[in-house]
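So that you can tell them apart, the chains are marked A, B, C and D in the order they are listed, and the count of residues begins at 1 in each.
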Amino acid sequence: MPHAILLISCPDQKGITAAVTDFVFKRGGNILDAAQHADAESGAFFMRIEWAMAGFTVPRATISREFQPLAEKFKMSWELYFTDVPVKMAIFVSKQLHCLYDLLFRYRSGQLPHAKIELIISNHHDAEDLAHQSGIDFLHVPVLAETKRAAEEIQLAALQAKGVNLVVLARYHQILTDQFIQQYPNAIINIHHSFLPAFVGGSPYAQAHQKGVKLIGATSHYVIEALDQGPIIEQDAARISHRYAIHDLIEEGQDLERVVLYRAIRWHLERKVLCYGNKTVVFE
Amino acid sequence: MPHAILLISCPDQKGITAAVTDFVFKRGGNILDAAQHADAESGAFFMRIEWAMAGFTVPRATISREFQPLAEKFKMSWELYFTDVPVKMAIFVSKQLHCLYDLLFRYRSGQLPHAKIELIISNHHDAEDLAHQSGIDFLHVPVLAETKRAAEEIQLAALQAKGVNLVVLARYHQILTDQFIQQYPNAIINIHHSFLPAFVGGSPYAQAHQKGVKLIGATSHYVIEALDQGPIIEQDAARISHRYAIHDLIEEGQDLERVVLYRAIRWHLERKVLCYGNKTVVFE
Amino acid sequence: MPHAILLISCPDQKGITAAVTDFVFKRGGNILDAAQHADAESGAFFMRIEWAMAGFTVPRATISREFQPLAEKFKMSWELYFTDVPVKMAIFVSKQLHCLYDLLFRYRSGQLPHAKIELIISNHHDAEDLAHQSGIDFLHVPVLAETKRAAEEIQLAALQAKGVNLVVLARYHQILTDQFIQQYPNAIINIHHSFLPAFVGGSPYAQAHQKGVKLIGATSHYVIEALDQGPIIEQDAARISHRYAIHDLIEEGQDLERVVLYRAIRWHLERKVLCYGNKTVVFE
Amino acid sequence: MPHAILLISCPDQKGITAAVTDFVFKRGGNILDAAQHADAESGAFFMRIEWAMAGFTVPRATISREFQPLAEKFKMSWELYFTDVPVKMAIFVSKQLHCLYDLLFRYRSGQLPHAKIELIISNHHDAEDLAHQSGIDFLHVPVLAETKRAAEEIQLAALQAKGVNLVVLARYHQILTDQFIQQYPNAIINIHHSFLPAFVGGSPYAQAHQKGVKLIGATSHYVIEALDQGPIIEQDAARISHRYAIHDLIEEGQDLERVVLYRAIRWHLERKVLCYGNKTVVFE
């Protein structure tokens, strides 16, 4: 049986929680989860409420209209999702396949129940066999500095043809243009192989090795125009030592990257992530 | 300005969240936090709701009476707390002082704002100076197997005289009798120096060393009659290696114990812990 | 260029390190790594020394004979390995494929350079496609309680035909008989999906859920006759909460299992693990 | 019985380990621990060897002279220590006392057996009582921008009078001048309250909060002239969430700082840290 999920951001004031829960209850909704957060500094309020559609007296198509007066009263930004409508996902990848490989195994094992992987796009051919073995369409789009915009037009056309609404950069080593990014606000998730904001940009493991750090990290974040500056969804770190050569850092780091990227995607799919300013609320 | 905190356990059914938030809102309460959990297996529902008393139209003394009909309707067990009523705490300790020392520093630093440490009780004299330096009453109660009940009567009398409602066993190396424990249901917090349920009972570090484990742990839990079996509030673990002799395990473990015990106490003081069966819900 | 690795266990006494390093140096060996550990309790001494064979003046076949007098003098147990002789590995698996899948990806990516995976053996057919895609022989050996010994004879014959010297139980849900285990002393690595010694035996995640622990763990160990009691090679733990249903524990635990099993295998392949009594020295 | 510890850095070449172990053995030294590391990139070799002085045939005063030819042959930088010669330590602190408090407890508990804390120096009076309770000299040296050099002269005079050879900055909120730092090369250990190189400089928790990171860290490092750029000895990280206000970050971070600073000091005292370029080898 599907659930509805409502994500709300608005200025904090008395009565929001009560009003929203009351809205759901009066229409026969059994509230399965409700979480909220008030950010004391900015005065912003965030809420996530999930209820069973079984017994809910308002048809899906009408919920938004009925909710509108409440939303206006509290000046809410809000989004409404249903758990039986899968997120259509595309995965971009270059030559390193560990994150892709991991995601495909989880997908096959049922760990990404709210997603449908529509497409794998790469500027190389390394992922092609894996895509075919997994029965997922593969699109090879070579990218050169001078052809990047044209390549992105091809990519965007393919995404739109498939109705994709989540782009995952699973170690895709091309910087997207602002024009591309603006098509998917808070809907492109990247894995950066460092503990951001340390080691922005290329070769973070080489930077980490050079610096002699004792922990390495990985960061998944939404992509915005400023490189490696988007809202952080998840991070994790692992202990290393002077014995680790760069290739050991890379290998150790890959284990982090896989898990950190997966968690970010899962929380996004479960509609547990809200962005505000350059930060996220994650109702895990 | 004080807050009110309501902790609720009841059978899960439609409408609880809405009813409770509505109860608070209708009486002018600004909801600061609300969290809930439905345990699918047992069908139990748990809720914690915190609201500002400023502007709340019902005086403290009357809230319980007004809430009673709602509680009965949903068959709730419930507790109501106010953040300006400190928890009166006693700390029991034997010869190892690291947890006590840590708690006293946090207390002095303002990290335990909801507690008032009334008393330190020990079967040894090692903690006496520390208690006096901290300006806290110290009670020395020697315990022998044959005098344990008498000793506990002295301890209980002292606790009652001070109105203590939380007992912390900060490495107190005496097993409490059932009679003692029954005076403080879900109000005695122990730190056990292993990753329970591994290494129950005495000398867990020696057991861990003998077993050759690669991680050691610490566990804070409420004390029940069955030794080391009470509801677990918090656990953590740390990596060790073959190079660690037993005294290294002990030293490494003490760093865990301090943090794990502190977290359990803090969450208890913040009224974030609910027990059900032999488990806890922790709304951290 | 290959390296030689010498693993030594003996009673501790003065002069072992000097004698061994001198032995290597006098014969032109460039020592790349030397690590040692003296266990104060048992009085045992352990050493691992790795040197480049380039320039070493003694041919491989003769090293053992030349080393023998030194070994006898210090009453050493010792093993000699060469890094260009791969370990022949077989993987046993039942229906859950996450560990197998992970190992095969690492194998393909070059993360197991000292291994050659000869064979995948299963009592089910789930892993068959994956084996074939990876170009690795697959042997289906159904196991019933009354046919276990006969099944093991088939398994052992296949292992011997391939010259297998490391058996990995990557979530193989059959208990091996003592007769099987005795064929591979300290050469069968199992992944147990709990933080041993907690939750021995079947359904450890269900046991953990029932107990209400706040961390789950995974343990890789050598298999001995006593179930889940063999020397522990590696363990790790992850934080969970009351929100985790059993299937969430399982999913979270699988991420641990993959990494913990991989580390144990890698260290074994790198000849970094020495067993003594029921414990291990891991020169990571 | 005292041990000798020899720390060696030199260009890597064949025969170093054998020559050094042979040097010790020939003179009757029982080698208790030997560890080495060859840095493939720089071609540098590092070694730490520890042996029992009981039975060693060369008197302390003569060891250096006897070792000199070997050192010259291999172009070694080297240092020789004896475990019964305590490191004379001074602790600098400002107003936040958590690290100081922690170190003093460990000191009293015997966790810093190789140190003698000679002096606590502060630009404030907050630590004064604690110093006196611990029986340690306290020196108040106010620091203003325009008087910093004069203040440092007072500090240096006090350090020299006490023969201090390790300075610990346990949350000392003054930037030392180059002149001061040059008096204590690789002998000033600082705790920085972030995961360096992220959040260099002041208010790292505010920076972390602003950035919306999901982990916070702490870093202990040797102090060099470039602010927060010295060789990192130890780091650790802890998970946070959007629920953490800045003061929660600070509180959580303090638990990290205490442990990270302690580990760095302990390893320094045990002579397990070697610096090369801007990095460390830690033979933990």
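Criterion: contacts are C-beta pairs under 8 Å (C-beta built on N, C-alpha and C of every residue); 3 or more make two chains touch, one makes a residue touch a chain.
Note that this is a predicted model, so its numbers are computed, not measured.
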Pair exhibiting more inter-chain C-beta contacts, A-C or A-B: A-B
Chain whose mean Cα position lies farthest from chain C: B
Copies chain D and chain A - interface residue numbers shared by over half, same or different: same
Identified repeat of the B-C interface (over half of residue pairs identical), from A-D, C-D or B-D: A-D
Separation of chain A from chain B, taking each centre as the mean of its C-alpha atoms, in whole Å: 37
Chain A and chain D: spacing of chain centres that average the CA atoms, whole Å: 41
Contacts with two or more other chains, residues of chain B listed in rising order: none
Footprint of chain D on chain B - complex, ascending: 98, 101, 105, 109, 111, 133, 251, 255, 259
Interface residues, chain B side, partner chain C - complex: 37, 39-41, 195-199, 211-215, 217, 231-237, 241-243, 245, 277-282, 284
Complex interface listing, chain D residues touching chain C: 14-19, 21-22, 24-26, 28-36, 38, 55, 239
